[in-house]
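Structure below; questions to follow.
Chain naming follows the written order as A, B and C, and within any one chain the residues start at number 1.
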């Protein structure tokens, strides 16, 4: 059953071929079997089985939605009522959220089955899932390699079929990069499309939740549930949610694809360039026109991002102070000691690095040179995208510079690690939607193709991704031992 | 641009972030490396550019002034490290 | 050396909204600790702020009332610092783009009007409270107040005495209550004042180093605290010391200010735009709607009272200190059909005195405007004299009867029957021939004696004008 698409699973459930409880048991068994991948932080077996029973009743009474009864696993960044919500941090190891994130509410309403909470880089800060308090997650394509991050657990859960689909969040590539490195489909929606309420903030002006699935067709169904206006989130956009599945089969004749020369410079790994060229060729065959475009400010995306994101995070993470929730140090002698030790003990090294960086960038004397400068560059990058997207329908490029690297390989050099997000970060600065879809293998490790669209054109992006997945089968590949 | 261990200690104090003294050196080195990355930004003239705080060019939505939240103290207190008589407790605050 | 004082005030007014500035939790005062602190107020992981429309509306009302520029575009920023009553580790406030820009307020000190500039007024969230009772040597934190909307009103450093500072604070206090944007309850902390005080040698242009005095929450203490601080600074400088820029706390019990958080290094608040909130756009339509519903402002109303009702400056000022009082006045004028001056005198005189005595607000007056109007109507139509009216007023204060009921019940109706008055006057003239002679020989003062005798005889119920007229005729013989 776990090899079926969401549409097939939904059909099977409604048809009575299998029950949600059976399906849920199958996934729970697989999770136990593949614990060594370390994809889950918490498995919510009881909740899952209760959800499944409820779903079976709902399906029997013919009130099922497309996702009713299908098991999902949530990134451990979404607050789930009375369930541990750790955000991959020791700081929240004892945190049982007293409320549900809006996204969780939406899945509950549609009758989804929650299998558990997925491993991630601590507070979503990382590109390899090695900064988690709960240990590194292993890539099922090669367990000595990283799965990418920060939604590493989410990517692995789907790739290894430990959930029918999962959720992730993307601040600088945290959905797309692990999706690419694990050979699955990951969509970062337009900023404001999916509610951030109850999603523990890393960098508020960049964070966006989205689906991680086997295919674009699956992603359309999951986004349908996740998207929508939320009055509890001031940055949520009040626009109607289109039917994301309706235009999946729309032909691509005349589609204009832009290839930024900055993405395809000599710096791009030669194997990667070759694989991407093959994917682009596939689109040409599907009737698309290919055009070279230029976005000269893209090269400054990394420095701008590593000012803005840490600055926002330095304030976002101040609430973790050992007073109302989360880790508190033993026997604090005074207030400063309470704060300093609780935070010093509760946060890991990468989180501290970013808090320090952000605090520095906002401090007196440096604010203009770093923070304001970065915001100006953000504007220039955003303008580059806006202009380019008047010339072409979508922009395509790599997701990552290389396939998955080895566990431990880049942990000693933060700058090296940051550079692995070079192709994804600019999209968050602009707030645009983008998808990563499997586009082949280099040395038996999957790589991704990135498709970037204009604001709120998720349906178009999904259509473009789906058409590719109709003529290729990269997205159907399963790592050895997980089929 | 490079940061000294003294700089790191000052920033860490502003952020109320405990750092092991043997790690200060490596934080100084890491942060200096990241700051080197930032220097690329200064190469570009941005005098006439408006800073962009948000990807969406939108106005703040306003909420009606209606009470929507009920008392949920017991639930919130149940996850707090130290409480008494409905209060969160902290080491003595001296003003 | 002669010294000159420079004072600027920062006044925090809690806006009288139902809910918090960024959450739907109640702002009612006095609830059990932490029962009105919701997930957003507690700064739980993942929560987000959504701005309260009424807080914005009230800020704009204030801006219009002080003739200030209302920013079409204002933004919220995070002010970062750690304190246990500040749940998120930052306060959402406004820095570079406050909602209300430059405005002004006129104050009067010793009969002289002075215009005090208001630099800005910005929206922000209040903090919670630290309770320093002994919880085994620990401090308890109550976050009910956290997130209550505040409008921080910052004046220019344009006041030069504690007296001016108090006048400004009183005027502002009157204004925010008049506008209905703040309940002004200082005991409950709805209206709080920080004062920036510095001294400089007379004639010097540069400002001296200032100290910020916090926690002065009554008019009396503001004056005392500022005077104390001025004295401290002068003494310090004259004895060769230097004023340091610091925050000082006023201790009303010891009547002194003392240095606060002195060990702390200068704060670096690291303000930056709050990414969870978008720019607040105030368009013409929003402003027009508020303007259309804006109450007549005290100053305009005072001018109108002077021209329309012919009131003197003092009465007009008093009657326009609050909307309730001016509404009461206008209702009495309308209902009684009496001269406005008479109504004003009664309201600012007898009624105000009685209210003060009972520590009551006009809204709690035992005498409704209808009942006072009923009384004044009877003065106007000569049914009773002003003197009898005072007696009726006492009855009205004690009971719920109408003036007419009191007058008829107690037989206080004024005697205007000239026949009856004449009869009494004749009798008095007969009984007091000595005085008649004195009067007739030119001692005009004796006239008052006759008036008194007549009134006494008639228990004050005779119409004084009638009495005067008849007496004059008869005495002239």
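Throughout what follows, a residue touches a chain if its C-beta (ideal position, glycine included) is under 8 Å from a C-beta of that chain, and two chains touch if they have at least 3 such contacts.
Computed from a predicted structure; not experimentally measured.
Q: Please categorise the chain-chain contact pattern as a line, ring, star, complete graph or other.
A: Graph shape here is complete: every pair of chains touches.
Q: Report which of A-C and A-B is connected by more C-beta pairs in contact.
A: Output for the comparison: A-B.
Q: Measuring between Cα centroids, what's the chain most distant from subunit C?
A: Result for the farthest chain: A.
Q: Between subunit B and subunit C, what distance separates the C-alpha centroids? Give it in angstrom.
A: About 41 Å, centre to centre.
Q: How far is the middle of subunit A from the middle of subunit C, if each middle is the mean of its Cα atoms, in Å?
A: About 57 Å, centre to centre.
Q: Where the centres are mean C-alpha positions, what is the separation of subunit A from subunit B, in Å?
A: Chain centroid spacing, subunit A to subunit B, equals 23 Å.
Q: So which bits of subunit C are touching at least two other chains?
A: 39, 42, 44, 50-51, 82, 84, 141, 268, 270, 275, 277-278
Q: Which residues of subunit A are in contact with two or more other chains?
A: Subunit A, residues with two or more chain partners: 95, 98, 205, 231, 234-235, 314, 318, 321, 323-326, 335, 339, 359, 363.
Q: Residues of subunit B that touch two or more other chains: which are they?
A: Answer for subunit B, listing residues that touch two or more other chains: 14, 16, 53-54, 56, 58, 60-61, 63, 72, 76, 82, 88, 90-93.
Q: Given the complex with subunit B, which residues does subunit C contribute to the contact?
A: Interface residues on subunit C, with respect to subunit B: 17-19, 23-26, 32-40, 42, 44, 50-56, 75, 82, 84, 130-132, 135, 137-143, 249, 260-261, 268, 270, 273, 275, 277-281.
Q: Where on subunit A does subunit B make contact in their complex?
A: 94-96, 98, 191-192, 205, 231, 234-235, 237-238, 297, 299-300, 302-304, 306-307, 314, 318, 321-326, 328, 332-341, 343-345, 347, 349, 352-353, 355-357, 359-360, 363, 369-370, 372-380, 382, 413-415, 418, 429-432
Q: Quick check: in the complex, which residue numbers of subunit B touch subunit C?
A: 14, 16, 53-54, 56, 58-69, 71-73, 76-77, 82, 84-93, 95
Q: Going by the contact rule set out above, which residues of subunit B touch subunit A in the complex?
A: 3, 7-8, 11-20, 23, 27, 30-31, 33-34, 36-42, 44, 46, 49-56, 58, 60-61, 63, 72, 75-76, 78-82, 88, 90-93
Q: Okay, in this complex, where on subunit C does subunit A touch?
A: The contact residues of subunit C facing subunit A are 39, 42-51, 78, 80, 82, 84, 87-90, 141, 268, 270-272, 275-278.
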